[in-house]
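What follows is a group of structures, each given as structure tokens.
Two complexes follow with subunit A in common, the first pairing it with subunit B and the second with subunit C.
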Partner chain A sequence: MTHSRRAEPLLGFLVLAALWLIAVDVFRLVDPLLLPPLCDVILRLVELITNGSLTRDIAATLARWIQGFGLGIFLGTSLGLLLGIMPRIYRIVGGPLDFFRGIPVTAIFPLFLMIFGIGDASKIAMAFLPTFLLMIINASYGVIHTSPERRRALQIFGANRIQVFYHVVFFEALPQIFIGVRLSVSLSLMVTVVSEMFIGTDTGLGQRIYDSYLTSSVSTLYAYLLVLGLIGYGLNKASVYLEKRTIFWAGRA
Partner chain B sequence: MKIQLILLVSLFLVSLSAQAQEPKTLMFCRPNNAVSALAYIAEQQGYFRDEGLNVIFLTTTNGKICQDDLIAGKADVAAYAEVPLNYIAFTGTTLKIIAQTGINPETALVARQDKGIRDEKDIKGKSIAYLPGTVSYIYLAHLLEKTGLSLRDIHAVPLQPPAMPEALQGGMIDGFVMWQPWGDEAIKNLGSNAIRLYDPKLYNYASIIAITQKFADRPRDVEALLRALLKSESYLHTHTKEAITFLANVIKFDQGALERDWPHYEYKIKLDNSLITLMENNAHYIVRDDPNFKDKAIPNFKTIIDPTFLRAVAPERLEQGLFK
Partner chain C sequence: MIEFQSVRRVFRENEQDKVVLDNINFEINKGEFITLFGPNGCGKSTLMNLLTGVDVVSAGTINGANDLKGQIGFVFQDYRRTLLPWRSCAKNIRLPLQLRGIPKKEQKNRLATLVEKLRPDFDLAQPIFTLSGGQAQMISLMRALIIEPKLLILDEPFSALDYGRTLAWRQTIMNVVHAFNLTTLFISHDLDEALYLGDRVVFMTRKPTRVQEVLTVPFSRPRDPQLLGTPAFAALKLKALHIFESCEENIPSPR
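Entry: the complex of A and B
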């Protein structure tokens, strides 16, 4: 990739920033209670970084997210692989799985609040649930759609079920598993932040965003949104990078 | 030709007068609580219609959302507590308070006795839930000052109102500071283990009527709105029992609790120095506790109050000499 192509996404951000600067900072075309001057937002961001509060909030949110997301990936993938190699059981549990996946996860807030309380457990559970369901479905789908010819070929050469699973099924399911991972990254982060907002907590980006909203501290609100956007963008890029490194053969004949 | 011209002019004048008699539409945002009492009664009794207004209501769960609707231009007028306006006054706003409609005594500390809270000063070291940026925070700030404590002396837990009774019952918090009906709901759940510590002298929030600049440019409609609300106020005082039954039903308050607290409510449309003092006191707490407002100058709250309309409708409701 040439340097100029690498710089293209950065150019998009710069254009956006320039438009903001011109429309709000220079010409004051928008009510500052809806969109504050970019300079105010940047100054506020610097303050939040230097006083250490931003680091605490990022750490708190990421800690909740990684616990829910990590557990969801591990358990969801394991169960999905297992269900994929047992199609009969998959057909039985497939319906209930789709049913639970159909419920918007945010609608489950009150239930999780009753079960897990207002502490971190409810927020971790909220990040866990969509990841878990997405991973079960994607992992089992990946296994079910592995090539029967490749499996049979290996069996002809005397491979046992574990060997067939390891050498064919698992690797063929990996691209589909990574689709689940990419979808879960942003969904679980979103749910973690929303649960911080609506359940409440001492620390965390969601709580800070909601506090800023309640107190009409619009510059602070935008500063936190910028940080959250950067985290989401970074995590998404990291998952794409990991996917490319791990399943480098995907998409090739 | 002359006859045709006369007919045309007459037709034009008739259509103009018909337009003048058409009710003027306005969007009124109200949270579904006691702050909106006068608006609910005016709607039920048809006072808005009598004043030639076609009011479309936007009902929300809290006043902050109504203020957002005003800023976004989705509402022309809103009834809510003074605290959200307190915050935007620091940034500067074109919204104007045209009247204070009352004083609301709903906010209180509700706590668990088995956690050792029997008196206000017992909250030291305890987990107390509150909602930042709202009357809940302002009441807590007053309470801490009264007991000689600061936010650092308690474990202050930011929490959403519907989660508070549940969290208190589950023992996840030791108490909370919140408006109704959440306090009474917690008492209902916990029974004799719950204690409601309410000091009527500590802090009662004001209900206000705020309008947009665009609506202020329709002075006749603003005055009609105030006349309708004045009729509501009068109804509230002459038909108190019916009003309580009606309000408890529409805002989903326990009627017994509303009757119990009714003597502390004050429904009186006015504009006087007490509102300015209240907002200045709130602002001092905000500057002291909220890092977003640290070192900011206390705004001049007189500038966001517009007495023009109340002066035109009921000049005796204005404090003499306060507004030019």
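Entry: the complex of A and C
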């Protein structure tokens, strides 16, 4: 029973692959310039793996992403928690924060190119910014919406403000913090890849995808899309797993 | 031990003064079991906040409250929302000791002593969300007792339990309070249990809350559930009902 449950998502992938195989590889129903045969894409993928270029590009993209994302999680969460316990300051900075979040982050890239130059720094900054903003907003929201009952209980037990924060407020904010993490993971990966399509690099999956477009190498393009899909899928699963492990009590108490 | 003297608490709401507690006078003696009996929303929680130092009085004094700082064991009405689900049962019970900076080894020793006395019939290593209502309330009680409190406050601890469990818990409280020789403040809106458990019952009115009368319960503790069926208890309950009615008299009748 549980065994078949676990196999169900895999089944979905297999059906999709089979449809692709039948429609394109066998019956050639689609223009191969739009959707190349699955076999071509897989052969191209194997080639990219064996010549070592794929590993290099994955490493380049993930390195940029993790630096920006990690820094954004750390600084955004810290600042958000701090703002959450200082409601007056939160009310002052809340407006500007929402304003910055309203700007589509990709629109800021040219500005980042001017500030941080065309190297890796501007791409790391791109991964950093949406993560940072999302984490500030979610962490402070989590703190502000903690229930008064546990705080009062701790106060009655003689806890000081730091203890109330450390034993109650932080834990009650964690579910909202993880919502921020999950949103940040996909958004920051997206803008990292987009920023790689512009000038300043010859490594990274975004760059490879753009190169394939310029040279009309459609199977290569699809091979990289498959890889990116897998990375995004894996990172999402990982964050959900981490969330379930960390806030094991959520929804049950 | 504790004496409320002309205690008043006024909140400012929409530019208007709202009197929640007005001229509260009563005392709690050492070793005594006092029941506070009053309608829902009569300011009992405010009174608890004043006593525990979470809030301050607008006028009057609470003598002896300062000596109780960190010495109050508290069992909350909403026990699920005052336990910490990210900690195990045992760690929840030890929390008040941890807050006082007591070494882990001593925390564990004191927990073991308490377990020996109360003998909970479930595993304390399990997470909070697996507990039944009664079990969660047991954790809440143990968390209150582990500091060896000078005053135990029970804030409507039975209100979320079904009737059968309520009866069993009344007796548990009766026995524990007796065995630990505790001074207890019990908040209730059930007349039977107010009288059954208390040495004295403080009757409170609706807002602005005053003390209507303090009724002495003449039966010695520990008491047996048989007491509830005796004519003496019935007579006392009738007296209590009259006091209760006089509390309600100054409410404007519904139109």
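What we mean here is this: the second predicted complex is superposed on the first by the 250 of 253 C-alpha atoms of A that agree within 3 Å, B and C clash if a C-alpha of one lies under 4 Å from a C-alpha of the other, contacts with A are read in each partner's own complex, and residues count from 1 in each chain.
Following the convention adopted for this analysis, contacts are C-beta pairs under 8 Å (C-beta built on N, C-alpha and C of every residue); 3 or more make two chains touch, one makes a residue touch a chain.
Worth saying up front: this structure is predicted, and the values here are computed from it rather than measured.
**Q** Is A:216 touching anything from subunit B or subunit C once the two structures are fitted on A? First, second, both or neither.
**A** The first partner, subunit B, only.
**Q** Which partner does A:248 contact after superposing on A: first (subunit B), second (subunit C), both, neither?
**A** Touch status of A:248: second partner only.
**Q** By the touch definition at the top of the document, which applies to A:162: first (subunit B), second (subunit C), both, or neither?
**A** Neither partner.
**Q** Count the residues of subunit A touched by subunit B and by subunit C, then name the partner with the higher count.
**A** B
**Q** Once chain A of both complexes is superposed, is A:107 in touch with subunit B (first), subunit C (second), both, or neither?
**A** The answer is neither, since A:107 touches no partner chain.
**Q** Of the two partner chains, subunit B (first) and subunit C (second), which one does A:31 touch, if any: first, second, both, or neither?
**A** first
**Q** With both complexes overlaid on chain A, does A:154 touch subunit B (first), subunit C (second), both or neither?
**A** second
**Q** Identify the partner contact of A:10: answer first if only subunit B is touched, second if only subunit C is, both if each is, neither if none is.
**A** In the superposition, A:10 contacts neither subunit B nor subunit C.
**Q** Which residues form the common part of the subunit A surface touched by subunit B and by subunit C?
**A** Comparing the two interfaces on subunit A, one with subunit B and one with subunit C, no residues are shared.
**Q** Can you list the subunit A residues touching subunit B in their complex?
**A** 31-34, 51, 53, 110, 113-114, 117-119, 198-202, 207, 210-218, 220
**Q** Give the list of subunit B residues in touch with subunit A in this complex.
**A** Where subunit B meets subunit A, its residues are 64, 71-72, 84, 87-88, 91-93, 129, 131-134, 157-160, 162-163, 166-167, 170, 172-173, 286, 290-293.
**Q** Where on subunit A does subunit C make contact in their complex?
**A** Going by the criterion above, the answer is residues 147, 149-150, 152-159, 163, 167-168, 171, 247-249, 252-253.
**Q** Which residues, counting only subunit C, touch subunit A once they are in their complex?
**A** Touch residues, subunit C against subunit A: 49, 52, 54, 69-70, 72, 74, 76, 78, 80-86, 95-96, 99-100, 127-129, 147.
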